[in-house]
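As written, the chain order gives the labels A, B, C and D, with residue 1 at the start of each chain.
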Amino acid sequence: MSHNTFGHLFRVTTWGESHGPALGCVIDGCPPGLPLTPEMIQVWLEKRRPGLGKFVTQRQEPDAVRILSGVFEDERTGGPVTTGTPISLLIENTDQRSKDYSEIAQAFRPGHADYAYFAKYGVRDYRGGGRSSARETAARVAAGAVARRILEGVTIRAAVVQIGPHAIDRSRFDWAQTLENPFWAPDAAIVSVWEEHLETVRKGGSSTGAIVEVEATGVPAGWGAPLYAKLDAELAAALMSINAAKGVEIGSGFAAAAFSGEENADEMALGLKGVEFTTNHAGGVLGGISTGAPVVARVAFKPTSSILTPRTSLNEAGEQIELRTKGRHDPCVGIRGAPVVEAMVACVLADAYLRHRAQTGGGAFAPGQRDRIA
Amino acid sequence: MSHNTFGHLFRVTTWGESHGPALGCVIDGCPPGLPLTPEMIQVWLEKRRPGLGKFVTQRQEPDAVRILSGVFEDERTGGPVTTGTPISLLIENTDQRSKDYSEIAQAFRPGHADYAYFAKYGVRDYRGGGRSSARETAARVAAGAVARRILEGVTIRAAVVQIGPHAIDRSRFDWAQTLENPFWAPDAAIVSVWEEHLETVRKGGSSTGAIVEVEATGVPAGWGAPLYAKLDAELAAALMSINAAKGVEIGSGFAAAAFSGEENADEMALGLKGVEFTTNHAGGVLGGISTGAPVVARVAFKPTSSILTPRTSLNEAGEQIELRTKGRHDPCVGIRGAPVVEAMVACVLADAYLRHRAQTGGGAFAPGQRDRIA
Amino acid sequence: MSHNTFGHLFRVTTWGESHGPALGCVIDGCPPGLPLTPEMIQVWLEKRRPGLGKFVTQRQEPDAVRILSGVFEDERTGGPVTTGTPISLLIENTDQRSKDYSEIAQAFRPGHADYAYFAKYGVRDYRGGGRSSARETAARVAAGAVARRILEGVTIRAAVVQIGPHAIDRSRFDWAQTLENPFWAPDAAIVSVWEEHLETVRKGGSSTGAIVEVEATGVPAGWGAPLYAKLDAELAAALMSINAAKGVEIGSGFAAAAFSGEENADEMALGLKGVEFTTNHAGGVLGGISTGAPVVARVAFKPTSSILTPRTSLNEAGEQIELRTKGRHDPCVGIRGAPVVEAMVACVLADAYLRHRAQTGGGAFAPGQRDRIA
Amino acid sequence: MSHNTFGHLFRVTTWGESHGPALGCVIDGCPPGLPLTPEMIQVWLEKRRPGLGKFVTQRQEPDAVRILSGVFEDERTGGPVTTGTPISLLIENTDQRSKDYSEIAQAFRPGHADYAYFAKYGVRDYRGGGRSSARETAARVAAGAVARRILEGVTIRAAVVQIGPHAIDRSRFDWAQTLENPFWAPDAAIVSVWEEHLETVRKGGSSTGAIVEVEATGVPAGWGAPLYAKLDAELAAALMSINAAKGVEIGSGFAAAAFSGEENADEMALGLKGVEFTTNHAGGVLGGISTGAPVVARVAFKPTSSILTPRTSLNEAGEQIELRTKGRHDPCVGIRGAPVVEAMVACVLADAYLRHRAQTGGGAFAPGQRDRIA
């Protein structure tokens, strides 16, 4: 991945700062002829939009997306479709309150990108974190919405499975629940626990981490490529590139280290829909290639570094300071991370699909059949 | 990363199958004028070489590397140095026993890349896993040895911190110990536990997972780049691309999800050598850019899928089979993974260094100073 | 180069159609700390702006550029500088008259990209050529203006050396003249010839080709890299990617085919400023690497395909048609091509400079000196 | 294109010096299931092999290619096919006479890459030109042979159309003739003229330039992509990257500058096989996308810089010298350039085909039809 571009054939270049006039992305390599309207993108942006609850940043942003290029009416249907040329998406920033940030213009928030940007570049847009703001993830979500247009038959959904020290009870895991609470929690019983925890965190001016789990079903066998374009390696990069991400695992992930070979090996059988796996410790990826089982990943998010509790730090002049960060911050960035995780998985899968189609023509071989099937 | 190439400016392309005539890599973009002999590479290959103990594969391979291009005598020193042109490295395969694998030519080992390669390509070199064999990692280690020539002042070392369910006691962590036992264990007291565990695994024809930790010290602030070339995203991709890797975390990683903002934020101070962090939950990376603190990552390896216990599976004809894998396999691929993890980190850091030098000229800004310093 | 991105480290992604709401580009990888204002870009856009004379399209576009990201005030100077993050530039389209194009919505203009886009994508924005319009080159010129900020000490200038069958007299070549006439002609005596020719072409509803020559002085030795990132190969790709370009040559170019080895070999001597070449048949590039001599290239532009004379063609329904193109077209696209050629050379050189700095640290070895000099 | 890699999906990385132990390439991204034997590659290497006539270098190299990876027996046919994994090709150098070059170890041949490599890298393998030797083109030809396996239905052939000042008579152009003389001349009557010219050049210790024309027929409409992956831009880069190339043109190329719009626009009609063009000034490419007409390009080669006539130059110490180059050199590198030009076109087309298949699924829309056809 290049500095601000990810993907190989479905390529997304994002730009913009938290408090600049706008942010956006350019999506290149999208197949032509796919219906695409601003509404199809907006619906996903709503999922990550700030200001939607008391446990996310109170910044009010409509996040209205404009499509500036790459779409034209299809003479056959009359509706707007992708043309195969670059799709430029733009989201204006409307609720920037730059004065909030004047105190930290030259200070380095502990645990924040402030110091690293200063060391590397010597100059940075400090307002709201500038380029390092989670606001950039709006562009990812917009790109993910376009990626989903390519992924017919694939369903991607994320859930928050841990907030702070409180993990869900996996025996109660129910995807339907994620749409019933503001935390994308798949476990109804955890909601009140998290509410209480977040209320404590919020009142204390603190923050808390989280773990997001994502699942993509309907991914056929054959996507991804050994060895350095492995589907899991691409997912790892895409997910680790999200703000505040500190860990990524596929399938059983770190737990697999404690497994025996017998426990780990997902047995195979032929079912009505083809190859089936009795378990899915692999998380749908073997040898870097999808197997047809659900692709499963988890991402660990650290607590946001902007907290009210004073912390010892430095400023650009090299002076020791005590720093507390005011402003409108997410106490748990992981919650709004869920739609971003979905979007990144969508982009990676769309890219893998195009690469697979390039090298092989698409489709896959199945046991008992002589030819590649669609 | 492309299919079989990784890196952007320090680019490594690997090739070769487990039981083909040879394997190797081409390293492109290496700076000129760096002393490089086969011995400088061989010393690292020795660390991952098979046949060195009873807990790794008994395949006997000298793994002697040849430098076929990219090095010439320096007229100033008379010694061989890199010329800036591609460095082609070749390692011959000498102990291929292809007959060992005839039984599984058309069978899919559960948990192995067999089925995924079949589905994608329809044809595969099944001998010893072909391209999906861990033997490919010899090329990575060779490339890592070249990367280290670029990384003056950086020390990269890996330790195995868990085998199966047995984790080290971190209070006894001692890097010096990693050179005193065949497991790269940094905790002397764990060695006998692991020996016993591995003996049980080996005798049972089973296998076990592991976790490898890696640390790079001496990395200056400023390497890596937001947002999709983040140093941690690049590390995640590189480490997840290693055979059998299922998880990657940076710094406190998944544990950070349970932290509060106060716990997680590494406080900063000015010390004798510049900026110092009181803790290192960030693992040396903030906003995708190195901070000068040690870069720390962990990789989870699943147990190898080649086990003697019969498992239910399929073959290419679509028939249900009971499969047990004979042959010479590592009961714990994570052990030999340690030098590979080091090598991948070396390659990622060398690449990040060159990219940083490209965009900024190198060096970094420091608090209290007006200009970029080397 | 990717579909709509060019460059490796100085990367430019352009987007936009002729008659969409806007067009623009995202520039990634730019070094930080370079002063950059909209005015610094606007001055170059003025050079290629339509509506400036009767021999270029009469479309009236202010081509006012906005910088949406990547620039922030430098705390040391107070002025806006690049921050090292992506620079998003946007130019609104204000004078689109889409009705002009309704007749050709489903017709293929001979010599135009119409049919090729239809065959590839099945859908296209036909208004004004959509993505294939020369209007896209405004984004290239804007990017070139940013590239020039990096190229301290390098002067890039282009001249039109042939329009239709009328070539300049090279004995009268004078760069100063290019600023004295609307054709970028370096030969004062050719101006009236070209005026007469273009008047005839314009009145006849026809068009004419041209050749543009570009020279970059101040390029130090060492930029470019063998073998597939050769400076001349990169220039060839960048220049051939300009609308209507059909040929690129470096130095003596096609004429070199008729030379003897003695005639072609530029002899070398040490002058006051270092290595000097008595001639420059090489055009400043040997083995794909700059030599310190001026980099010289020429680009051939075909006549624009939009002409009033009826031509036999097809439409999307497969019907034979007679087609004449109304609208506001350049009779000689090569004239406005001159600033575009300059811009592409600037981008290629900036990229080559960053790549050179990455691999070697910058600078070059000089005869008689032991060490690399800046 | 990266330093020593070209192509995006069909990627070729070459390595090796003229007088090192071997040279070769790694081909990545090749589709699986294509029959491939060493003989299929060898036949093309024979076309460019040195030592085959008195007008090419007298170096005797068998140029026997070995396939080290990426090919395995197909269980369905029993024959060797590509597996989709990287194909490593190796050619040993057997006739290196390094002593020939000792005199020029520290001298810069005028018109040669010597000085540029020195300036950039400070160290270089001077033997036989090292990495800048035309010997590297053997790897290109080998890669081109693999590319041809992908290009079913496409015929690529090159002819030499000018040597020194002597151009062919195009009215006598006959592809069959190119196989009847050692110059790939398509005009029987030019052969004796060229023989005489080359004999004079050879006896005088001089050299001469040449122009090679290449044509690819059977390329369907739709390959290539606007704007920076234009098929002609990719061809320009690939062809300009060949040693000694100084110019590239597509279709009518530089001649198009003198055309009127009427002359240049290739009219279209529907024929029995679909869209037909009455002329082909475009050289089969419009808007960067293939049209179905033959793809036509020409490459200008300068005379080789290694000549016996003394020329004024410098050495590494900065001393003025008189230099004459002994050794075994091609008096006209353009002749052996013809198979290399073919190979580069094959690689570019194979890459364009895979990219087209990725974005669109392959095939193209045709006038009068509603759906994409294969």
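By definition in this document, contacts are C-beta pairs under 8 Å (C-beta built on N, C-alpha and C of every residue); 3 or more make two chains touch, one makes a residue touch a chain.
Just so you know, these numbers come straight off a predicted model, no measurement behind them.
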Proportion of interface numbers common to chain A and chain D (over half same, under half different): same
Of A-C and A-B, pair with higher C-beta contact tally: A-B
Where chain A and chain D are represented by their mean Cα positions, the distance between them in whole Å: 44
Where chain A and chain B are represented by their mean Cα positions, the distance between them in whole Å: 26
Distance between chain centroids, defined by C-alpha means - chain A, chain C (Å): 38
Multi-chain contact residues (two or more partners), chain D: 2-5, 14, 29, 32, 84-85, 120-122, 131, 225-226, 316, 360
Residues on chain D engaged by chain C in the complex (per definition of touch): 1-6, 8, 14, 108-122, 131-132, 136, 162-165, 201, 206-211, 221-222, 225-230, 232-241, 245-270, 275, 278, 281-283, 285-292, 300-307, 309, 311-320, 334, 356, 360, 364-369, 372
Contact set on chain A toward chain C in their complex: 2-5, 11, 13-17, 20-24, 26, 28-29, 32-33, 66, 68-70, 72, 74-75, 81, 83-88, 105-106, 120-125, 130-131, 316
Of all residues in chain C, those that touch chain B in their complex: 9, 29-32, 76, 84-85, 225-226, 354-355, 357-362, 370
